[in-house]
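First, the structure itself, so that you have it in front of you.
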């Protein structure tokens, strides 16, 4: 049912000819590059400002994993929906959220996508089919099944891509979601972004499994696959049949995508270089970096040249810097706004919102 | 007016809302083909079919979370917990996702779900099956909690809950399912529908001497106690039925207490940080100078629910206890 | 890894020669018969008194499944421990609890095994390695892993048999327990008593699975088996290798045992004959009844005669009746005892139990 | 006396108890090789090894339930929740199995577990990571809840919790981990060990004019407010640190209120059915005639925790709010 090879840095080219890739035009290919580069610069800029104490709480960087969000989301249509965990900046930018609203959210500003109420872990853009950004490990997995359920209920041809980490597979809610998805044929595709660690714990120390984590799908009679997440081509090629089955037959899947994060679990993770060797990190950066891999492919294909890539990087960096200025200049929410966005009925001033006491300050 | 059971009243509300709005569907363990563990949903699967009435596996975190996710896309799931006591296996979905997705998204996402089922002791099902978590959920801003005591309220509140655009947790009672009460036919009502808004308490009995505040089955216990107080002690108790815990109709409570000067909060909740504590706090805070005595409360005896049937009866508030408490301050 | 045959009423004899069975003496074989018969009569008597309103709450009858508890527990030694769900009378009697303490518990009496505090779903006998009796579906599965963990921690050679129903496999806590058991090699054997229904829902309507529910073990690299639960011989033969692996190598397993319950889910289950056909029930009772199956085997083997069987039944019935009289004549707990057994420190009157207020009545 | 951090104080307690009793072991996510997400367990795995300090997968229901099961056989697990906010995925184990296995077995089975970890807002980690569930667990008879405010108490209470034969839930604070305070060396103490019993409140500041009741970090906020009240308003506030929520030292609270006649309960808990409600109820119930004003409370602003760092500061009680409240009734 699955090709159990991962981390093969060479395999990328063979997927260029896959039907889903072979007709891509230049702009689209460059668009993927730009999308990945924007994620990286956004986060590097965010990191810099985090260190300058412009923000608080957690900051889980996606750097190293960019091809997963960009590659998978590139296949999504109008009725495909996205939900993920707290490492959510990459998906947010990939679905089309602006750096400004995202950066302002990190700065805790009223102009943030969640008005400064959600922070790094809670980016949302329902208008772009993006349902967050969720902080409790595994907690988003039943929601993903629910988005898929709603699509089917409404008779729409769509799917939900529900992302989770390699550590999240041991949460009960995920298991319950798998059974529901398989039992009822819900068009949800669980995408395990396997970056080999849950905080400081390696996959082998947190999970018992046969060949891989996705293979647990067998226990529910579900489709699955395991593949390398460093090349946009491969990701698209491997996702496509599962997306088709979800669209056509409402079939769920589990896809495990091998990837890597360069930074610590979150910025506050002082141990980031203790539980992994310097060599491991550098090998990844040198040989498997998704942006470099794609850049090389595009240069090889003659789609663009190194200078174009540099220009795209410069533009992304400028955009990120500008978003930080925007964020910095934006106003904070007012203390009085703390109790806004709690109850729909209160916010909208409906009859139901005006009946009875909703808040108990005092 | 017709007399129907509390169970039938809820069923009517569910059926009417299923018919009114195609986004409304029911889901829960045994709610469809089995007709519901307590027969609340009897006949609905037969009538409305697989799409609108769905049997779920024993996966509360899974199917409640699924409903929350579906509600974000505009569906309006009404989800049965066979017992509210089983909420603990789904607590993260109920306490985090449902309560806060609106907040954390700065108001972009709504979660118009209803979770309903019985939450009560008194039926000898032991500690794990007799929880009354209204205080726990009402503690969390973003959630609404409703506890109907009569068939009339059960129907009217359920319809409001389903139409509400916030998550509403309706806590019913297996002890009350068979109780009957007057519920008007729709054609007897102006507007053609029975709606009881959330956040409006109901004075179930008028009186000048003491206020009894209660919710759920404790309301009936208070009414019995009030009858004894009137008959045997010439004390007229006013019984305020909260109906909804959050939003809370504070004004009706205070109005009553300002009149009577005395209050007892009666609940089947456990006492520590229960509903009684909150209401007592409120009363002394808002009506301190009107109080002739401390606010008292009567809760279930502070232990896990005992099984032994005759003894469990005594673990929950009963009328003579209320009478004694009332006499101690009247 | 597994023999995926179940419900084969003929297969029993072949297991008689298994090493674990072939040296059983007459008394032991008759003992198994008596054990099953005692469970059945205990429950039939309980049912009668339930209908006479001598008890309240739930009463989940084990009738039809007796060979599972008796067969599996017959292999347990001093360091083997048992934990199950709410359908717990059979296991209780099989570990050696008396009918009196069990019946008194059902009657809610102070002489009950749990002093009338637990009821039908909560029988316990720690002195007999019996840890209950648990009401929340799946909630006992991490506890079972914990008993196994403690055995290993203490360096004892033992295992925990943790029973659950076919509907319970879709609870998150079970999945988490499986991963822990497999990851850490905990000597716990999960025994799925598959009676084909969770309340009114058939297995096919509640679970997605490949060939069976136990096969989900593969997802954790765990051993598993599926077999018929009508013959004590087969149960013992199939359990033994797993118990040995638990004892010797701390290896966990999942065993799915096909069985059937004759009555409703609980006594209050008015639908018991709606979701299953009369034929289905009768076929089971006629062809697969574990007590009849064993009786026939013993008669065939010349271990006893039909009259001996009758006598054992009569004695069991008398014992059950006597236990009901005992229960009826026992005192209720006093209302003042409601707050006993809440806190150890308070009950024992220790310093910690006397410091601060523990109860908030008033 | 030595000055050490709250974090170090807890670590000392853990180490001492591991050494004292071979049945004590630590388990939790990242507690061993990673040294703890908040470094509370730093160095313990290195010192005590795999058997006594265990890294768990992200399976709170699984490993907490496992610990409960192990405790039934006599082990004494000390289990870390990386945040108490993650308790909801393990709520059934914490609310049913731990609280009631003793009760449902008629006292045959004990559950000597400790569950510990931080439970606080104020660090901009948003709604799902900022829960303070002390009221929820203290509501359930069978459970004990402890909230230390200082390094001294953190060490002494932790040791008591581990030796206690009932389930004890210790709620720490990431905000306090770095705070320092005096904690005696063992050889400075009679008996050679620092033990703070559960159920004994501590008057952290004496005063005659008003009583401030608090737990956890709110104690420090009260002390700051008390200093302002004294310096600027000539009001002497008494600060009662509950230390343990259940068992509760009611006597110390009442003694103080009988002296001062005024009380404010300050908490970082959410207000509805929070700790403040319970304490306020108790005070007005037991000391009604001694009160010169209603019992007030100050809780966190009633919404899910906001992320925005400067704004979240204002969601939690701060000294000038306490001062204002105090002035309103003094």
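By written order: A, B, C and D. Residues from 1 in each chain.
We adopt the following convention: a residue touches a chain if its C-beta (ideal position, glycine included) is under 8 Å from a C-beta of that chain, and two chains touch if they have at least 3 such contacts.
Fair warning: this is a prediction, and the values are worked out from it, not measured in the lab.
Ranking every chain by how far its Cα centroid lies from the centroid of chain B, the top place goes to A. Set side by side, the interfaces A-D and A-B show unequal numbers of C-beta pairs in contact, with more at A-B. Chain centres here are Cα means. That of chain B falls 36 Å from that of chain C. Taking each chain's centre as the average of its CA atoms, chain A and chain C sit 45 Å apart. A straight line joining the Cα centres of chain A and chain B is 40 Å long. Looking at chain B, one finds that residues 57, 59, 61-62, 88-89, 92, 96, 103-104, 126-128, 141-142, 246, 272, 278, 285, 302-304, 306-307 touch two or more other chains. Residues of chain A in contact with at least two other chains: 114, 116-118, 122, 134-136, 139, 170-173, 176, 179, 183, 205-207, 339, 342, 359-360, 362. Those residues of chain C whose C-beta lies close enough to touch chain B in the complex are 55-58, 105, 108-109, 114, 116-119, 121-122, 134-139, 167-168, 170-173, 198-201, 205-207, 271, 274-275, 332-335, 337-339, 342, 359-362. Per the touch definition, chain B reaches chain C in the complex via residues 29-30, 33-35, 37, 55, 57-59, 61-62, 85-86, 88-89, 123-129, 271-272, 299, 301-304, 306-312, 314-315.
Residue ranges on chain B touching chain D, taken from their complex, read 61, 88-89, 91-92, 94-96, 99-100, 103-104, 126-128, 131, 135-136, 138-142, 246, 270, 272-278, 280-281, 284-286, 288, 291, 293-297, 302-304, 306-307.
Only residues 81, 83, 112-118, 122, 124-126, 131-136, 139, 141-147, 149-151, 153-154, 172-173, 176-177, 179-180, 183, 339-345, 347-348, 350-352, 355-360, 362 of chain C touch chain D when the two sit together in their complex. For chain B in complex with chain A, the touching residues are 25, 51, 56-57, 59, 61-75, 89, 92-93, 96-97, 101-110, 112, 141-142, 144, 160, 164-166, 197-200, 244, 246-250, 278, 285.
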